[in-house]
Each structure stands twice: as structure tokens, then as C-alpha cells.
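Shared between the two complexes below is chain A, which pairs with chain B and chain C, respectively.
On to the complex of A and B.
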């Protein structure tokens, strides 16, 4: 009776997740194998046409490596930018920590549309950076900062940096400060301490952060759409195009699943590589 | 200070500036007096804020988003708090499974979840009508944030006080209302604020699942930005940023939390 009453607590959440997450994902899987049709989202019967179309048409097939490279670059940039910041916050005094924490979290509180929009103001051909450089006579025609991979990676790195810093921070904060002190008293240089102690200890955070940023980056829509101006074709953009604008549900689902499986494989390889090296 | 330490702190400052830059730039752009988003601005003015206040589309969108966020937050608060109570107090060996399950909407790519929901609601014959799909999506997106905040405030607290209250004859419900709820109030409040902000700002779910008629603010803004480049969008964004800051500050003042939380 007591167990039963306790189970009642989880019932609403469990129902919600099962009905509106698990079942819908099964629907996507089934949808990707349905037959295509004209004038309606999908036809009768099942086929592999969606998968075949993706790999046969270069326009679609090439978006996959493009997306994955974009995701890997964004992850790398986030790690490089995020690590010193996480280290800094972990060592900061309590008063400073709140403020720095706020700065890191601030992008999360501002919607993704506004943040991407901010980047278009900064990076555009007549944007802040190009206008300033031109005023000082440093350039004659605007630098191509937007509508290309550079701009998209920069904006994505900004959007997802908090997701890198937070796991790093929690890994670094769980580190025993005595470890570093012991190494220093035994004569280790700061860089040696970092390489032999701090970085290995923070490895779980690095793993979590990289996986989060990578998955978020390759499935993002707004930032590539606004900053890339539809000129950077990622698979996610093409998925939405197929589903919403062209009304081709089986094809769109097949693309989404191909992207998800490829991303899953990369995550798996990454987890395997980092685990072997550090554990 | 050694040169490499100096370089490192310079690099860190640049990263902090990088984090704040787009937000600061949007606020500055909204004060631009010119007709286009040019830099340097052609003088300062609040004219774009007046333009925005006269524009029903954006006002409607803000009201719509706030209503949607309030509704989704209310449902998430109830469901998420119950799930957190179960997770911390009763789940035992199933704890990891429960946590993974409730956090699924956060872990899975939002845009894929949105597509999945779209198909699902079409299959059961509702589609995007009556905003049921949209509302469900927003509840899903906000649920993990309530769950995380409430379960954090529950962890490390035993249920001795509740047991004492029960021994003294309080009903299960009274014990919850008079003892447990006040104890976890800061967590519930933080979860609610987070949930509201997430719902107010979420894009993928709203983009895919919005029906005909009014659209949430991020969608309206995105549609506008695809074809327009006036500072009005910056004014709208600035108002949205200010609303968020007010909300966070209010929550902070109302529920003075312990500094470790």
C-alpha cells in the first residue's frame, strides 16, 4: 500500500514522458520507412526511398559531413574557450564566483533567437566589426565574417559555451586542492600540475561538456539559419526544409535519423578514445 | 606577474567579453536613431521602443508567450515536484532510470523532439490545432528544470520532520503542505523561474508545433528578422532581456537562497 502511494508520485511524469517522448520517437522511426507521396505527407506501405534519396543526391549527402565538421569545430572552440574560464571560476573567491557564474549563464537566459541576432549585428557586412575596421582604414571591403562556417561556428560556440563550462566547473570543483599542493611541494611546475593532475581529474567534465555541445550544435537550427543565412547547409536545416516546407515526412525523418545515428557514432568513438587514455 | 599568467588572464577576459558581447550589442542597437541597423549609430533615441509599442504583432506575441509559459510552468511545477519527491525519497534502485527518463526532453535534441511530437499529434488526429501540441511541448521542455531544482533542494534532507509531524497526527497532505513544501520552497521557486524563462525563449518546439494564429515571441522575432533589418527587433529583444532580468532578480529577492545552492 505504501509503495503504491509512492508510485502515484511518479505516475504523471512517467505518463507524460512515455506518451509524448517515447511513443513520438517511435513514430519518427516508423515514419522514416514509409513510402513517399505527392500532395500529402506520406503514402501507403513502406519503403527505403527516404534513405536512398539522401545518399543518392549530393546536395543532401554533403550536408552530413558539413554538419559533423561544424559540430566538431564548435566543440573544440568551446573547450579551448571554456577551460580557462572554468578553471578561473573554480579558483575564484566566493564573491567573484557569483558574478562570473552569472556572466557564463547569461547567454542561457537570453533566447537563442536574440543571441543569434546579436551575432548578425556584429558580423554582418555593414556590421559593427566591419564598419569599425573600415573606419580606421584597415580594410577596403568587408571581411566575410557571416554567411560562412566561420560565423556559424563562432555564434554556435557562444550559444553553447555554458554547456561546456558548467560540467567542467563541477568536475574541477570536486578536485581535492591538496592534490595540487602536494605536487607543488614535490617541485612540479604549474604546467606539469595541469597536465598530470588537473586535466586528468577534470576528464569526466571534458567528456560531458564535449558530448553536450556537439549534440546541441549539430541539431541547432536558428543559429545556422540566421548567421549562415541559409548558405551554410546543415542536415538539420535540410530536415526542417523537407518536413515543413516540402511536406516530405518520410524523407525528413530518414535524414533526421541518419544525422542522429552518425552523431551517436562520433559520440561513442569519442567516449571510447577518451576513456582508454585516461582511465 | 609572469608573462604567461598575464596572457592567460587576458584570454579569460576576452572570453567573458565574448559571452556578453552579443547581448550588449542588441541593447545598444535598440537605442539607434537611424532607420537601419548601422554602426556607428546615428544618434540615440527611444523611437524604436515606441514603434514596438504601437506594433500589435509583437505585443500579442509577448502576451501569448507569457501566457503559454505561465501555463506550462504551472503544470511542470506539479508534475516535476512530484517526480522529484519520488526520485529522492522512494526510487531507490530505480533512481537512475527515473532521472534519465525525466531528463530525456533535455538530453534529446529539441528539434527532433518537436518533429516527433508533430507526427504523433497528427497520427492521433489532433495535429497542431487548439495549441495542445504546443502546450505539451512546452511542458516537456520545462519539466527537467523543475525536477533538477527541486530534487537538488530535497537531497541531503532527511524526512525526520515529516515523520515527526505524522507521529503527532498530521495527515499526509498536511505534513506535505506545512513541512515539506516550505522546506523545498526555494527549489520550487527556482525551478519555476527557470521553467518560465525556458518556455519563454524556447524555439524548436514552438517553431514546429505552432498552429495557425498567434505565435510565441521567438517565432515572431525570427520571422521578422528573416526579412527586416530595422532596430525594432533589437527593441523587442531588449524588452525581452529586461523582462528576464526582472524575473530573475525578483525571484532572487523573494527567496533569499543559501549561497551554495
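On to the complex of A and C.
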């Protein structure tokens, strides 16, 4: 009876997961093995042509390391920028905490296209930064702030910072404040306390935040497209190109799966490396 | 071995004065409890000594050296927290090693010392466990060992037993006290449990509202409280309104409603204003109605196994008497009460302006 009721309770969730996760993945998986065709999305029978094309043509193959590096860099920048912010909010008084929380979440309130466009206004060759510097005679030719990894990582980190800060914050806030006092009474200086106590104890938050940002960054489309100006070729850009412009569904599906599996592997390795025996 | 002196310690949080001039001297190896109701400033006192709070006035001396401006990490204290504050990502052995590593003790010596410390708290079998895998009592012992392994000058404990169940708490009382005696470390212990303070301490410091009301041995606090408030806070107390008349020879005459006269020692404190008389429930004898100094009627009777508690209505108000279970008096019966003049203790009444000793 109890078993039966439990089954009923997970039924809605199970249905949703099947409909929106399992089914699409299976469809993509099957599609990636279909034969390519001209004038229609896919042809008769099955083939490995999509996978072969990806790995044989450097134009496509190089997009994978490009995507992964972009994801890793964005994650790293978010961690470096987000950790001090989270520390600060965790220590702030109640009154300030709300305001700081709002500031951290604010990038999410603006649509992604508008925000990316905003970055192009700032970073472009005749954008705010370059034209100002030129006016003051500090530079002769515009600095390459856009259409490269620098600009894309900057814009991505801006959007995804909240996804790093929130898990960090929750880890830091659930930490017993007496831990720091105990460490001090044992003779530890503030920086030692951060290195040996605060940071390791906040590791579950670091893990969650890094995985979230990495996965989001690697699958982002609008920001690399606008800020990268099609010159930063990520796999996601090529997937959309294959599916929508070239109308090659098997090839697009194969690339999407290759990206998903690679990202999954990296997440797995990261989780292994940062595994916490104590938790 | 270290002596601790607090001299007119004041701590303000904004406008609220959490400590209003605390003066206390703790001797070498002494076990002193800070006892008082919630919010009276016990933890604040401890935090000031540990250095987690900056003092607003006064001095803290370890062996005559003023340390009130020193950083917590330079004060050489061992501290045990109510939440234990064990480092969750370190094993028991690593938790114990932390303080020694901070002191740059050589590796070999660290291993020896943590082995000895784990032995001392009977946790050698759990050296490689993480705190989450230990019971509350075991975590408590790790916290104690971690504070002691650095051989600090003084040991501070802030309600270390508050999170344990009653049985374990009794066990740990004895354990902590024995350990403290063996190590011989000067110890300050914060608690709001008067039983804990009485059984463990050499001296109990009763605090109210950021001030010390009385500091004395457990026996002295229990038998000779200097104020009605202390009398009521420590154990059960009957506070009786009796006619008190001072005599020339340093004694007091108490007149009971039936005309009985009791002659008692006059306490040194607050003899000026109004006086009331404290009688502990177990120091009053229950007798036949005719044999008592005053008469009364049993209103309530509570049996607890070890003894029986009677609530008796008398001419001087309700009186609680604790008697051996061999007495068999029923509710509603008339009884007599006898007081032992040696044990009665006059206290300044709560309305008197000067409460406690300054």
C-alpha cells in the first residue's frame, strides 16, 4: 500500500522527465545516426556520416576545444569574481544582504539579447571604451575587446555570475560561524582560516556553482553569436547552423551529442577530483 | 598554570550594556562556572576573554599581564563551543593536529601528542573518522581534546553539554571535571544549568543583567545566598516574610506567627533594609500538627521516587517541603513544620535597593 502510494507520488515527475528529457534525447540520438540527404532534413537508412564529418573537418572539430575552453574560462572567472562577493554577502548585516542579493541577481532581469547587445556597445571597435581611449590619445588602433574569447568570456561571466554566487552563498551561510572562532583560538591567522577551513568547508557550493556555470556557458548561443560576432566558433553555433541554415539534421544532432558527452565527461572528472569524503 | 583576572570589564553593543563592570579573579587550576539566566552576559564574558569581542572598558589579565588588546590567536586559550565547532572536512586526528600545526610543532611530536590526547578522551579507535560519523558525546570529547592538546593557558567552555541528552550530560559532567583536575588547567565554564554549575565547580559566579550577583563556593551559594534573587535562581527556595529583629550580639530574632522565637546568625550582607528568610525545602521537617513551630495543611503532594515534595499552606504563605518517601502524609492533612535555626538564612528582600554584593 505504502509502496503503491510512493509510486503514485513520483508519477508526475517521472512523466515529465520522460517527456521532456528522455524522449528528446532518444530522438536526437536516433537522428544523429540517420543518413544525410539533399533537399530534405535526412535520408533513408542509417550511417555514421555525421560523426565522421565532424572529426574529419578541422573547421568543425576545432569548435569542440573552443567550446570547452570557453566554458572552463567562464567558470574560472565566475569563481574568482563570485567567491569574494558571496563571502561579503554572507557576512553582511540583514539590511544590506537584501540589496546585495538584488544586485547579484540583476543580470538575470535583462533579456539575453539586450544584454549581449549592451556589451557590443561597450566593447566594439568603435564602442564606448575604444572611442574614449582614442579621444584621449591613449591608443591609436582599437583594442581587440570583442570578437574573441576575452569579450565572450566577459559577457558570459556577467550573465552566469548569479549561478555561481547563489550556491556559494548557501554553502557559506550554512557554515557554523564558530568554526572560524575555533580555528582562531587554535592559533590560526585569518588567511590560514580561509585556506584551511572556510574554502574547503564551502566546497559543496563551489562544486555546484562550477558545474552550473560550465554547463550553461557551454550551451550558450546568443552571447557567443553577438559578442563573438561568429568569429568565436563554438560547437553550439555550428549545431544551429547545421540544423537551421544547412538543414542537415543528422549532422547537427551528431554535433550536439558530441558536445553533450564531452561536457558530461568534464563534469564527471571535475566531480571526481573535488569529491568530498566527509560530506 | 595561569591566573585570570577581570577588572571592571565593560562591554557595550551600541547602546546596550551587556557587561556592566565584571571583576573576578580565577586562581591557578581553579574551575569556575558562570551561571545565570539567558542574556545575562555569560557568553559575552567568555568571548571577551577569548578575544572574539573587543572590550569597551576594563582589563583582562593572564598572570598579571594585560592581554585585552591581543588578538584571539595570540592569547593561548583552549575553547569548547556549544556547537562543538569541529572542522567537518577533517578527521578526528586532523582536527586535533590543527592547533599544533599552527604552533609549528614538529610532525613526530604532533603524532605523539594527538595519540595521547585521543587516549585521554577514549577516542583512539575513531582517529580516522569524520565528525559526522560520531555521536554527540563523542564529538564533544573531540572538541575537548582539540582544545586541550595545544596545552593552552586557560580553558573556556560555553555551554558544552547543552546539546546532549540528560543521561549523557551527567556522564560528561564527571568526565570533564576529572579531566580538568588531572590536567590542572584554569577553567571557566558557562552554563545556565545550576545543577551543572554546583556539581562541577570550585566556585560558582552567579550573574544577572551583566553584573556579578555572587561569587562563592557551591555550598556557600546554596546555603548563604546574598540576595533573594540568587536564592531563587540556585535551587528551590522558600522565601518567608517573618518579623526580624536584630540583637546586639550579631544575631537576629525571628518571630513565627504561633509565637515561636528563632535565633539565627546575622549575615554580613545588606543587614540594613528589609530582610526576608530563606529556608531550603529539604531543611524543613514535617511533623505532627502539635509538634511543629508553625502549622499548615498539605495542598499538593508530588512523588518523585527519590523523595516526596509537599506544598503546604501556612500562616506565612505557601511553603515547599521535601521529605523522604517514608513519610506518608496525604493531601488535605494538617501538619506541623519545624525549622532548623542553624540552616535558616536571612536575605535582603528583593525590594531592598542594594541587591547583592558590589
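Please note the rule applied: the second predicted complex is superposed on the first by the 256 of 279 C-alpha atoms of A that agree within 3 Å, B and C clash if a C-alpha of one lies under 4 Å from a C-alpha of the other, contacts with A are read in each partner's own complex, and residues count from 1 in each chain.
Rule of thumb we're sticking to: a residue touches a chain if its C-beta (ideal position, glycine included) is under 8 Å from a C-beta of that chain, and two chains touch if they have at least 3 such contacts.
Fair warning: this is a prediction, and the values are worked out from it, not measured in the lab.
Student: Between chain B (first) and chain C (second), which, if any, makes contact with A:219: first, second, both or neither?
Tutor: Touch partner of A:219: chain B, not chain C.
Student: Considering only the touch criterion stated at the top, classify A:114 as touching first (chain B), second (chain C), both, or neither.
Tutor: In the superposition, A:114 touches chain B alone.
Student: Considering only the touch criterion stated at the top, classify A:188 as touching first (chain B), second (chain C), both, or neither.
Tutor: second
Student: Which holds for A:256: it touches chain B only (first), chain C only (second), both, or neither?
Tutor: first
Student: In this superposed model, does chain C or chain B come into contact with more residues of chain A?
Tutor: Partner with more touched residues of chain A: B.
Student: If you stack the two complexes on chain A, which partner ends up touching A:69: first (chain B), second (chain C), both, or neither?
Tutor: After superposing on A, A:69 lies clear of both chain B and chain C.
Student: Considering only the touch criterion stated at the top, classify A:52 as touching first (chain B), second (chain C), both, or neither.
Tutor: neither
Student: Pick out the shared contact residues on chain A: the ones touching chain B in one complex and chain C in the other.
Tutor: Shared contact residues on chain A: none.
Student: Which residues, counting only chain A, touch chain C once they are in their complex?
Tutor: Listed in rising order, the residues of chain A that touch chain C are 176, 178-179, 181-189, 192, 196-197, 200-201, 203, 276-279.
Student: Which stretch or stretches of chain C touch chain A in the complex?
Tutor: Residues 50-52, 71-75, 77-79, 81-83, 85-90, 98-99, 102-103, 130-132, 146-147, 150 of chain C touch chain A in their complex.
Student: With touch defined as at the start, can you tell me which chain A residues reach chain B in the complex?
Tutor: Interface residues on the chain A side: 3, 6-7, 9-10, 12-14, 16-17, 20-21, 23-25, 27-28, 31, 41, 81-82, 84-85, 88, 94, 98, 100, 103-104, 106-107, 109-115, 117-122, 124, 126-128, 131-132, 135, 155, 158, 161, 215-216, 219-222, 225-226, 236, 239-240, 243-244, 249, 252-253, 256, 260.
Student: So in the complex, which bits of chain B are touching chain A?
Tutor: Chain B residues touching chain A: 8, 11-12, 15-16, 18-23, 25-26, 29, 37-40, 78-80, 82-83, 85-87, 89-91, 98, 101-102, 104-105, 108-113, 115-120, 122-123, 136, 139-140, 143, 147, 197, 200-204, 207-208, 217-218, 221-222, 225-226, 233-234, 237, 240-241, 244-245, 248, 259.
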